[in-house]
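So that you can tell them apart, the chains are marked A, B, C, D, E and F in the order they are listed, and the count of residues begins at 1 in each.
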Amino acid sequence: MFESLVQNSIVKFLIAGTSQASERSGIDFNLSAAFTEQSISITIVGYFVVFVALLILFGSIAAFTTIMINKQKKNMDASGKQKGSAKREDIEMTGDVNAAIALALHMHFDEAHDFESTVLTIEKVQRRYSPWSSKIYSMRRFPRQY
Amino acid sequence: MFESLVQNSIVKFLIAGTSQASERSGIDFNLSAAFTEQSISITIVGYFVVFVALLILFGSIAAFTTIMINKQKKNMDASGKQKGSAKREDIEMTGDVNAAIALALHMHFDEAHDFESTVLTIEKVQRRYSPWSSKIYSMRRFPRQY
Amino acid sequence: MFESLVQNSIVKFLIAGTSQASERSGIDFNLSAAFTEQSISITIVGYFVVFVALLILFGSIAAFTTIMINKQKKNMDASGKQKGSAKREDIEMTGDVNAAIALALHMHFDEAHDFESTVLTIEKVQRRYSPWSSKIYSMRRFPRQY
Amino acid sequence: MEWGHVVMIIVGLVFITLAIVKDYEPLLLVPIGFGILMGNIPFVENIGLQLGIYESGSVLNYLYMGVTKGIYPPLIFLGIGAMTDFSALLSNPKLMLLGAAAQVGIFLTFMAALALGFSVDEAAAIGIIGGADGPTAIFISSKLAPHLIGSIAIAAYSYMALVPVIQPPIIKLLCSKKERLIKMKPPRAVSKVEKIVFPIFGMVLTTFISPGALPLLGMLFFGNLLKESGVTKRLADTASKQMIDSVTILLGVTVGASTQATTFLTPDSIMIFVLGAVSFMIATAGGLLFAKFMNLFLKDGNKLNPMIGAAGVSAVPDSARVVHSLGQEYDSSNYLLMHAMAPNVAGVIGSAVAAGILLSFLLGA
Amino acid sequence: MEWGHVVMIIVGLVFITLAIVKDYEPLLLVPIGFGILMGNIPFVENIGLQLGIYESGSVLNYLYMGVTKGIYPPLIFLGIGAMTDFSALLSNPKLMLLGAAAQVGIFLTFMAALALGFSVDEAAAIGIIGGADGPTAIFISSKLAPHLIGSIAIAAYSYMALVPVIQPPIIKLLCSKKERLIKMKPPRAVSKVEKIVFPIFGMVLTTFISPGALPLLGMLFFGNLLKESGVTKRLADTASKQMIDSVTILLGVTVGASTQATTFLTPDSIMIFVLGAVSFMIATAGGLLFAKFMNLFLKDGNKLNPMIGAAGVSAVPDSARVVHSLGQEYDSSNYLLMHAMAPNVAGVIGSAVAAGILLSFLLGA
Amino acid sequence: MEWGHVVMIIVGLVFITLAIVKDYEPLLLVPIGFGILMGNIPFVENIGLQLGIYESGSVLNYLYMGVTKGIYPPLIFLGIGAMTDFSALLSNPKLMLLGAAAQVGIFLTFMAALALGFSVDEAAAIGIIGGADGPTAIFISSKLAPHLIGSIAIAAYSYMALVPVIQPPIIKLLCSKKERLIKMKPPRAVSKVEKIVFPIFGMVLTTFISPGALPLLGMLFFGNLLKESGVTKRLADTASKQMIDSVTILLGVTVGASTQATTFLTPDSIMIFVLGAVSFMIATAGGLLFAKFMNLFLKDGNKLNPMIGAAGVSAVPDSARVVHSLGQEYDSSNYLLMHAMAPNVAGVIGSAVAAGILLSFLLGA
């Protein structure tokens, strides 16, 4: 199985890495302790479950998405009016994407600067100024700016 | 007494309502448990006190208000200037009322929209007003203002 | 030492003050209780340490500052360009100071007023968007809008 | 119990859907709905980890303490006070009585609950659902019937969300077409002084009469003073925004999670739901009938549009909105919203006073 | 005790009125004043419900823990730090000494309190009133004399609010007309680096000398670093707005409510009030006299306007404002505000250091 | 132990400097760095006052409970959820697998820690450092190895801050020049419905599979629903601003202070640091290699730029930024940021799921 392959290959890498470490900190590195039945099962099962969880999530999103899209298509064929609106949305969206990318670069260079320059428009900034938040979100906020 | 009147009339209504309910959930509805001395006193006294509390509150507000208004009147007779201002207030107020109603309808339809449109205005104010902060700080913020 | 000087001088002042107080509240004021070894050491040592702490802080800031300034000077001599920028900063700063003072007076007199004047801008947003708040309030806020 | 969890998860999804699609009290139903999902993830309890809201040491359990110790509701009242404008009430104080009248729902439901075999304390907590006030209901349950907090809170919030569905038929049933068309004078201007004096005096008076209501009414009027004083704006802002929002989030999600199928799906819960519905209807009727009663003593031109009595159940501001839109249905030039707000906010005070009295009766020496 | 409650309710109303009409420290007096009302609703205690702030299980009691456990004050210092600009101090650091000098009020009041028969711990807590720093006073009382928190807090905040009344006469008494007219050079520009280094170095140094001050000064300087670092703006904003506002609301209302007539109206409280007034006056005099003393060593042109010494009591920013307006009285072209801010903020540090020392003496091994 | 405190104070200063000068995760490193200073003021412990973070009754100790009881991390996840936009992931869900692949770092580090003599529980907590997720790491440590919270948190945050230093060499090592130049199609538009359904379904599914992750993933998806529902904006705002800011401040400063030299400077801490570095590298490699593996099955035009696999370690959004700028290095017309965000956010979910599994294995019945 793929995971296990990767595992074994990387285990060596790991051991190399940590055994150097252990020399540094002068502690001996005892593999037998690492490969108990419990530890191995935790590792294999654990990593496997992580994959399964995200795989199912992936699968169901993909499924749901295709349903949505087909529906949209149907509606679009049904009425020109909705079709129009749907189109408009798509365009706007990809428009955003480009704006987003433009902004991404912009931000990457003078985030600080344009942070200062917008004290009054804090709301805008705060969105952007966070270590966790997807930049995309904040980007959505200023298509006009570019 | 009025409350008790209403009560009795509604008790029937209630029993009707809940006895249907009880049939639905198949539980038998035993009135004797409802009409203990304690429960009746709680109900009568409780409902009565609620009325008394809000009655007194009503009375005192009414009293206070009339005092206020007479005072205002006096001032208005005293000086025409204040009278004018007072008048202006009244007018403005009823003006507000109409605006209010107009807005009520407006909001009922696109609250979200015009919520978004005003987001930016907020932060501005907050900065300025703090009892501890060295005024210098806030001053730094508006050199242009002067 | 200066502190102790001030202390003794003020102690009398204090005793005067509090003994009056004590007469008022009809409690007798017993100095012996005040001048125990512990209390005196706490007072002298305590007040002394406060001075020492802030003295050291003062000294180190002063030292650090002079270093900074000398450095700045050096840079300024080194390159005209930086010198220019540095100058600009100073000017801007004292500019701020004046602005600050102007604002200080301004605020001192009609803080309330110019605070009030900005109230309306805020309320717009918050007030309205709440499941409990009386809509009327928020409505009051936009006569102009209609 | 598989099926139970599934049932509850469906309930949670319904809450979320109602909130998003129908816009019924979304600030309450979304957190509660999602909390229901979190509380009913199957197998959670069987794991033996500190996860369930009833397992001490779990995060949900810590956050739930704000509910069980009755701390969240007063903080929410603080925020409500800082948001509420009592001018409508001050400009026409007699409407206060409508807020009192509607509390009949509380006391009759109390008796009905007794009749259905609930203990006195449980019955009192259930009765408060008729107050149409989530925080009040949670506060009382936490003191009188902690084991029913979940069902009572869910019932109270469900019906508050369903006000637009529950009230109109009753209003139509009890109001003649003529009454529905009554127009009322626009409220007079209210001076700043009145607005400042009201929360101070109101707190002292109401809690003097019903000390049990102190935690709720004290905080409600405190928040309102912060708003009206004009000198504590930043405190009023924080209380009416971030404080109430944070508490709403935590209260909503934990109350939702407290509906673990294992402890929630019982006949009691079902009876509580039925009682809640009934008490809501009675409260609506009570306010409305009392408005008609008051009209007997009011000369023409001052007569009330009895529909506004229905707003006395509180459920601010939804029931006032419902009355307003009904008014519009019959005469698009009739703007009842501001008149309905008066009994609406009075209803909040009324149910808090009632709650205080019940506590005094049942907990007091 | 009827009359006691009435007395306290009047006190509460006075606080609220001072705040709204006179605009004295409204952010503190409104919550405290309303809290006093809530804490003195008659009969509350006799009911046997969980209502009183001293009844465990009551909401007020839970919120009051933030006071009794000394948690609120450091959080307030965090917010103060995130709001305070130390540039005035950094541009003229010798003014730091004025903030030290003013702390004489603390230590002399300490001795006076002993003379009036208070225990050493009580006396130390009472002395801190002279620090003119509410949070510091509350923090110390919670550690040394929990039973006096109420009186000490009320005294401290009352006098802080009354700064515009208490200080001017003393200043006029001790400053010659000539001195009052002294103008000072506008402060020099302060670099960003200095502003960033100060909170870091200041914290390490002051808490190294007075470890007992760590909870207060640690948080004060932490907040200031969040403000000055330039990369943690959103944290500084939250600390200086919603966090400090929430804590101020809860601290104010619970400290107010802790003044239940039953526990509050004692001779001790009265003595504490007298001592507080005295210590305030001494502190004012101390700072001012030391400014005059410093002038002996300063050459003309660098001389201080001794009035700014009075701002060393902290009570930020009111005492600085008082000095500024006095300066204006005598010469409308004399702008002392920024110069007065320096001793003003130094006074906050000074009283926290003093507090730490008292704790070390009395709690330390 | 003098020298220890000095060492730690230097560490604290380094953290603060990195944050301010290099702008590495300042919102985390400034509070932690300053906390380290506060926790290592010499002599503090010897005083016998209630000051140290490990002395019960001290303020720091009360605030630290949010860490030890595992309450802060879920609240941070709530805020993260309310800030995170999953569109990038929804528009190309297969990238989810990269977030799974990168979690190999967790499990191999787990085994390495065992090999170095740590207990199973300790090893699991240490392994989570490879998840590159501070809150997750703290949450797990608080449950499995409370005595290691400090070292683990410091390690996790250090490496998250050092992402721009750690990842590029590994990426360059494992990607051919040709691969680095691969361009990907711009993501498709994502409908509002998808965004609303995702957090609901995602929560139910992931916590159904890994119930131990409920406190973290429940809150993460709850926050995201508040953001996407469109009807709870004010709650999402508070959760993503003031709530997360307050918690970040308190978590950062207390975690920092928990590194008292006396308890922190041990061989274990050093080993944990080494293991952390290794697990970060493995995680990076894992995500990246799996991207290459996926390319084997993808037809030209749909191929992934394997560099985005490195973003699977989470450390949102820094690792995505790193990937983006590397992409720019090789082809300034190649915008990878949005594509890298997908594995980036998937990595958060992935490590939370992994954490849940470890808890189930080690705490579960």
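We take it that a residue touches a chain if its C-beta (ideal position, glycine included) is under 8 Å from a C-beta of that chain, and two chains touch if they have at least 3 such contacts.
These numbers were taken from a predicted model, which means no experiment stands behind them.
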>> Out of every possible chain pairing, which has the most C-beta contacts?
In response: A-F
>> Over half shared numbers or under half: where do the identical copies subunit D and subunit E land at their interface, same or different?
In response: different
> Between subunit A and subunit D, what is the separation of their C-alpha centroids in Å?
Replying inline: 42
> How far is the middle of subunit C from the middle of subunit D, if each middle is the mean of its Cα atoms, in Å?
Replying inline: 45
>> Need the CA-centroid distance for the pair subunit B / subunit F, whole Å please.
In response: 47
> If you average the CA atoms of subunit C and of subunit E, how far apart do the two points sit, in angstrom?
Replying inline: 10
> Got the subunit B residues that touch at least 2 other chains?
Replying inline: 100-101, 104, 115, 119, 122, 124, 126, 129-130, 135-136, 140
> Taking each residue of subunit F in turn, which ones touch at least two of the other chains?
Replying inline: 23, 27, 230, 233-234, 241-242
> Tell me, which parts of subunit E touch subunit D in their complex?
Replying inline: 9, 13, 16, 19-20, 23, 26-27, 30-31, 34, 37-38, 41-44, 46-51, 57-60, 62-63, 241-242, 245-246, 248-249, 253
> Can you list the subunit B residues touching subunit D in their complex?
Replying inline: 2-3, 6-7, 10-11, 13-15, 17-18, 21-22, 24-25, 27, 29-31, 33-36, 38-39, 42-43, 45-47, 49-58, 60-62, 64-65, 68, 72, 89-90, 93-94, 97, 100-101, 104, 108, 126, 129-130
>> List the residues on subunit F that touch subunit A in their complex, please.
In response: 23, 25, 27-28, 79-80, 83-88, 90, 93-94, 96-97, 99-101, 103-104, 106-112, 114-117, 120, 123-124, 186-191, 193-194, 197-198, 201-202, 205-206, 209-210, 240-241, 267, 270-271, 274-275, 278, 281-282, 285-286, 289-290, 293, 316-318, 320-321, 324-325, 328, 335, 337-338, 341, 344-346, 349-350, 353-354, 357-358, 361
>> Which stretch or stretches of subunit E touch subunit F in the complex?
In response: 69-71, 74, 78, 143, 196, 200, 203-204, 207-208, 211-212, 214-215, 218, 221-222, 225-226, 229-232, 234-235, 237-239, 241-243, 359-360, 363-365
